[in-house]
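Here it is, the structure, as structure tokens.
To keep things simple, chains are lettered A, B, C and D as they appear, and every chain counts its residues starting from 1.
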Amino acid sequence: MGQRFDNISTWLNTYECTRSTTEWICEGLEIEDYVVQSHPDVSPAKWHLGHTTWFFEQFILVKFLKNYKCFNEQLHLIFNSYYKSMGNHWIQGDRGQLSRPTVSEIKHYRQYVNASINELLTGYLDEKARMEILSLLELGINHEQQHQELLLMDIKYNFAVNPFNVSYLTENYPSSYPCSASYLSVKGGLYQIGQSGIDRFCYDNETPRHKVHIDSFQIRNSLVTNGEYLEFIKDNGYNCPDYWYSDAWALIQSQCWQAPLYWFEKEGHWFYKTLYGEQAVDLNEPVSHISFYEAAAFAKWAKKRLPTEFEWEVASQELALSVSNNFMEKRKFAPVLSQIDFTNDNHLISLHGGLWEWMQSSYHAYPGYVAPEGALGEYNSKFMNGPMVLRGGCYATPEQHYRSTYRNFFNADKRWMFSGIRLCKDNT
Amino acid sequence: MGQRFDNISTWLNTYECTRSTTEWICEGLEIEDYVVQSHPDVSPAKWHLGHTTWFFEQFILVKFLKNYKCFNEQLHLIFNSYYKSMGNHWIQGDRGQLSRPTVSEIKHYRQYVNASINELLTGYLDEKARMEILSLLELGINHEQQHQELLLMDIKYNFAVNPFNVSYLTENYPSSYPCSASYLSVKGGLYQIGQSGIDRFCYDNETPRHKVHIDSFQIRNSLVTNGEYLEFIKDNGYNCPDYWYSDAWALIQSQCWQAPLYWFEKEGHWFYKTLYGEQAVDLNEPVSHISFYEAAAFAKWAKKRLPTEFEWEVASQELALSVSNNFMEKRKFAPVLSQIDFTNDNHLISLHGGLWEWMQSSYHAYPGYVAPEGALGEYNSKFMNGPMVLRGGCYATPEQHYRSTYRNFFNADKRWMFSGIRLCKDNT
Amino acid sequence: MGQRFDNISTWLNTYECTRSTTEWICEGLEIEDYVVQSHPDVSPAKWHLGHTTWFFEQFILVKFLKNYKCFNEQLHLIFNSYYKSMGNHWIQGDRGQLSRPTVSEIKHYRQYVNASINELLTGYLDEKARMEILSLLELGINHEQQHQELLLMDIKYNFAVNPFNVSYLTENYPSSYPCSASYLSVKGGLYQIGQSGIDRFCYDNETPRHKVHIDSFQIRNSLVTNGEYLEFIKDNGYNCPDYWYSDAWALIQSQCWQAPLYWFEKEGHWFYKTLYGEQAVDLNEPVSHISFYEAAAFAKWAKKRLPTEFEWEVASQELALSVSNNFMEKRKFAPVLSQIDFTNDNHLISLHGGLWEWMQSSYHAYPGYVAPEGALGEYNSKFMNGPMVLRGGCYATPEQHYRSTYRNFFNADKRWMFSGIRLCKDNT
Amino acid sequence: MGQRFDNISTWLNTYECTRSTTEWICEGLEIEDYVVQSHPDVSPAKWHLGHTTWFFEQFILVKFLKNYKCFNEQLHLIFNSYYKSMGNHWIQGDRGQLSRPTVSEIKHYRQYVNASINELLTGYLDEKARMEILSLLELGINHEQQHQELLLMDIKYNFAVNPFNVSYLTENYPSSYPCSASYLSVKGGLYQIGQSGIDRFCYDNETPRHKVHIDSFQIRNSLVTNGEYLEFIKDNGYNCPDYWYSDAWALIQSQCWQAPLYWFEKEGHWFYKTLYGEQAVDLNEPVSHISFYEAAAFAKWAKKRLPTEFEWEVASQELALSVSNNFMEKRKFAPVLSQIDFTNDNHLISLHGGLWEWMQSSYHAYPGYVAPEGALGEYNSKFMNGPMVLRGGCYATPEQHYRSTYRNFFNADKRWMFSGIRLCKDNT
């Protein structure tokens, strides 16, 4: 571990880059857009700006920068997300109740913390402190990258709730090319899953590297499209209990779900809310904003199934000859299928940079997993009681954030993340 | 009816005054403060700015100004509060989900409508149109005055929720003089209640004028103070079911109420959130922000009772030799007892300009009441199924809005309005 | 007060009669029918049997019968309904969770208390004790009579929930005669309302007798029929917000109400669940099982209004030349209109013995009302915060329980009681 | 497959045995005890009697017995539990609202179906029909055995809610011997998990047999005792967020959990409700009625972990030299530790016949799993979206129902089943 921590100035640069990227995401927002929280799961944009800053302040500056004075002690209550061992925190669903601190105050907070990080990193640090600080800085950077994606998820939701057709982006909506579907074979056997966590960054939940046996199976090259999903809808998929888990059926009945999130029908045609405003549904585009329940129902209807996270990890390493390049920094904020994806028949298309893919796996600790000591142990481990795993990455994921071992997770009913469906099937 | 509608320019002046007063109330707010809705009963400040404007647009301009083009057709959905006959409207509790229209757009909306009202009123109007328009304008002005008070209620609530000690006002908190309590007699008999609604403005719910018999009774000159209410708290008032209605007891148990809204205890001392930030509770000041349930429980504990709205109206006309002058425009935003109140022993102190007083009366139509035709019939009549009546007015009520026949009403559990307690008792 | 308390043996007889009537009501029930609680407002039949017994035990025997030993101390928790000053009590909505005590144990409890009451009343009692005991016995008898009606309400509800067509009665459903509607005039003036509470029994809430001024008005001779109510339904009454209070509209939208309780449509025809099983709706019969909200909406649709409780009390005394005789003991458990009602044009039909009539009055204390000391003060007074008043009586009210001053009350949304609509209108 | 289906008369005998065992469980109940449903998860005893009967009727008689006439067509609505493809069914949480059918009617229903099964099995059946019928009969018998355990779970819950100290059993509570804890090693490697489903009965969810790799680990011989769990409680385990999953912490905070279900403190001592009435907590006895959340929190506090279902299955086959014999038919309805368990150091104690053991595994389909066609596909597969797995069996599980491959499952927050904790740890 640690060669990657030799060069401090590179890290300072990455830090500054990441920080300014977050602000770049918010550039087009009005002050009012920073404040609202239109669903308890969604956070106000200004909260993301503050929370990511608080993370660096509390986990690095408070501990390592001599004589560091917190920007404002009271912000701790507001910007602590869920770290119980860090003290009380504001209720997540009530973040939208707070007009203060203002956006301007939070921007000052960001600058103050940035300056202090700069001071810390440009000052004298012994080997041990440097390693420890840069390791935490790396975590903080990855943490902020996660929130960049969350910011885009939440901005999309807040804008979509608004009855006005508000657009985050003013460019033309990117259209998708059609893509034929084929199934690629993966051999069964004993595989290594996860990472050691030593040579390069990964979250604790990707460790330890361990053996998993999988049977041979076939995985689809491409994601399920809106066009295919529409067939499911037209075939009465949302009204036939056969395709749904028991919990899922209760949910869609009580919530009257009849289509993915953001879809609406107008005069017999389907539209969806996008970051580019309202658009006619593009049938070539991979279907997005579906819950695990919908992904699983679709798979059952299609007489296929979803992969496990182990199958997916193996397949992504065996088959992904080239990865898509539709990452966040490209600012093409739709799960668009570009032509470049089709150059090779034998690889997984849109593996990264398309949509998060729902796995038929509940999120648990890997065998031998040990949570970090202290508050950072809460980062991942306290959620390891079985939400559903998503793998891959999406068009709102920063480029450096992709990894075939990455384990994202959400509850089975959530669908405001950029999620899609990759099918697989057993060899018979 | 109608002499008061002879002079158009006076009305235009009053209109403009009222409109700018609303904006004056919002002057110190940050953009973020206009957006939040920290409770379903509370509306964002920017919503009040828009809704009051919509009222003039929909009820006057759309009907009377030739070729009038709505500022933005889509605003109708957002700024219609509850007029079912005007079409769909946004859910009240979800107003805080909307970042758009922005404050700046709403200010343009206000200017646009102001200019159009000016155009309408300075153009040619025949007698009939003038009478009709000015009558609606008068209603719209009174409507906006109601929302001025609501704005202050809602700003107070939104600020109080914030864990930072945010102040709407930076001046010193006004302190109260002590006031002795005495009971004044009112003779029984048959009295006229309400108004004809012809010579001066009143809401439809104050009409028709009709006879009510009341028995002789005694009413207290002054409102119950924080000091007296604290005695009730210390005597375990919130934990003894004897004082509480059955519904009230269920409520305070489930909500863990132990004091008025905005009160909190710190190291054995009571404080409250005010529009001037956090303050030590002033024991001389009339108690405020109590629900009907608390008012009634206090009265029972004190072996007194609350007056009916008929008793109150009679008493206010018989006994109120001079009224308090602590109206909204004075910008003394606390239920302060000034020395001037004590010049005469035989009158009701703080009758207007102190706090709304909870009545032991459910809000129903007066005998012979007829609701206005059309959407404006919804203004008052659809709430006449028994919420509790409050009488008087408060320090956030505009001066011209006071009237001894005025009937305010809220559900028995609400307490974010500026409400207080006036006791009375039977002659024995 | 008190002459009526001279003859102990008459009272003992009345007591025994009342007690055995309660059991007579339950005669046809299966054991299982005594246990269920199909709605939080509804109580299991066995609970009524126990609670009415507990009332005599706690308020009379424990205090007056020397060496009285409670049947079972633990029953206190279960059978105390809501008397906070009597200690903890089981949650009302959870009464159906208790299989024990069994029906058989409760019947033993009844016998045990009956024997003890007999012992008390046949033993020596001085004048003071006799007066006090008989006064409480009278209250207990009236209390049990109230529960006889509640028993029938609750049995009806529990049976109606059952998907099987369960009948409480096996006789033929009694059919109604048609009845023409006319309006009778009542003169305005100052009237005496309520009772002194001295010469004959009444509840505390009917006292003190006091003066109320009413304007002249007209009241309809007969109740609104199912046929008339069906016109309201067909005229889209449940889907037009104009007729409904704001709270009512929210309720019927969220609950999807489209007809009175117990009504259901089958192949284009309306049926209802009755105590005689499922029946085609009888158009001549007065409409029943409607909430205050529905009564008020119907009245608005019909361009009439509901009477106040004061108007009703005056009218019932001025105009009710003869009362209906369809009381509980007749066991004709439907709001049937018999021919005998029509002998005189100038009286109110079905005043008693038909259906409880919703008043446009919220339930409050009369002027000068003083609640009894102790737990019995909770009997009525803690509900005097504004539920809606019903007047009259119904086919499930025991004969001796009728009184023109009687004040029944329920929340505006309830409709499992035997409630109906009597209209009135202003003189113009 | 199928040799076990050669002898019809053996199957008829097993059928009759199972059916009468169900009735034997209910023998001591009062009629009232059959009716109540004191929690939405719990069903009335009479419902279990009816539903198990309905299962035989619908899945066998309706299809195979010529001219079979259903006992009562209306029962279908009531006794269909959750088979959507069988038509509408009554809401699970509302089963306690139904007084009818009565217990007596349901007993007739049982007899009627028993007679018809007898008729079917004693009549002529060709090979194919016999195989199909007996296969379904076997499933129905296993289904009824599951409900025997559910009956005991639900009776316990219904009795425990009752404030009276009601006992299902009148014998003395069986006391437990102390048992030392040791950890037994299991070797890592590739193991076969599950069954083929051909030679002997198993549920579809135990198939197909497939390979799983596990690392070597150690598993504790005995279950965690009440005494050990009490240490966790005393160490403030329920009030320290470190031990709890995020969801779990939210739950125990909102529900104020401070001990296992059925535990209560009286004068500083812990008691619990048992099927033998209230008892002092036996410290030697394995702790029971804990949720997955509590099991996981205890494990974290103890610096151990829960096994996965694969580890457990392997361990149970490698190490369980002898199984406990505390199965349901013994009628020792407590998780008692008898002396016989300690004869051998190297085996797992209480593996079967003690308590269900919570696994660190979410319930999903095994690789290659195919759900049965038709309604029986709903039996297990629609719950395979991640509830938590329990393994083993308990003192209320019928003897023939034990199997090391058996997969029980409940949501992580449930604790009215007879659940306990077996710890394991990694080799280091």
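What we mean here is this: contacts are C-beta pairs under 8 Å (C-beta built on N, C-alpha and C of every residue); 3 or more make two chains touch, one makes a residue touch a chain.
Protein names from UniProt, one per chain: A, B, C, D = Ergothioneine biosynthesis protein EgtB.
Owing to the predicted nature of the structure, the values given are computational and were not obtained by experimental measurement.
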item: Touch-network distance, subunit B to subunit C, counted in steps; value: 1
item: Chain located farthest away, centre of subunit D as origin (C-alpha); value: B
item: Centroid spacing, where centroids are CA-atom means, of subunit A and subunit D in whole angstrom; value: 38
item: Subunit A and subunit B: spacing of chain centres that average the CA atoms, whole Å; value: 47
item: Approximate Å spacing (C-alpha centroids) for the pair subunit A, subunit C; value: 60
item: Residues within subunit B bordering two or more other chains; value: none
item: Pairwise touch network: line, ring, star, complete, or other; value: ring
item: Which pairs of chains touch, using the document's own definition; value: A-B, A-D, B-C, C-D
item: Subunit D to subunit A touching residues, read off their complex; value: 82, 84-85, 190, 210-215, 241-242, 244-249, 292-293, 296, 308, 360-362, 364-365, 367-368, 382-386, 388, 412, 426
item: Residue ranges of subunit A touching subunit B (in the complex, touch as defined); value: 30-38, 46, 74, 77-78, 90, 94, 96-103, 158-159, 161-164, 166
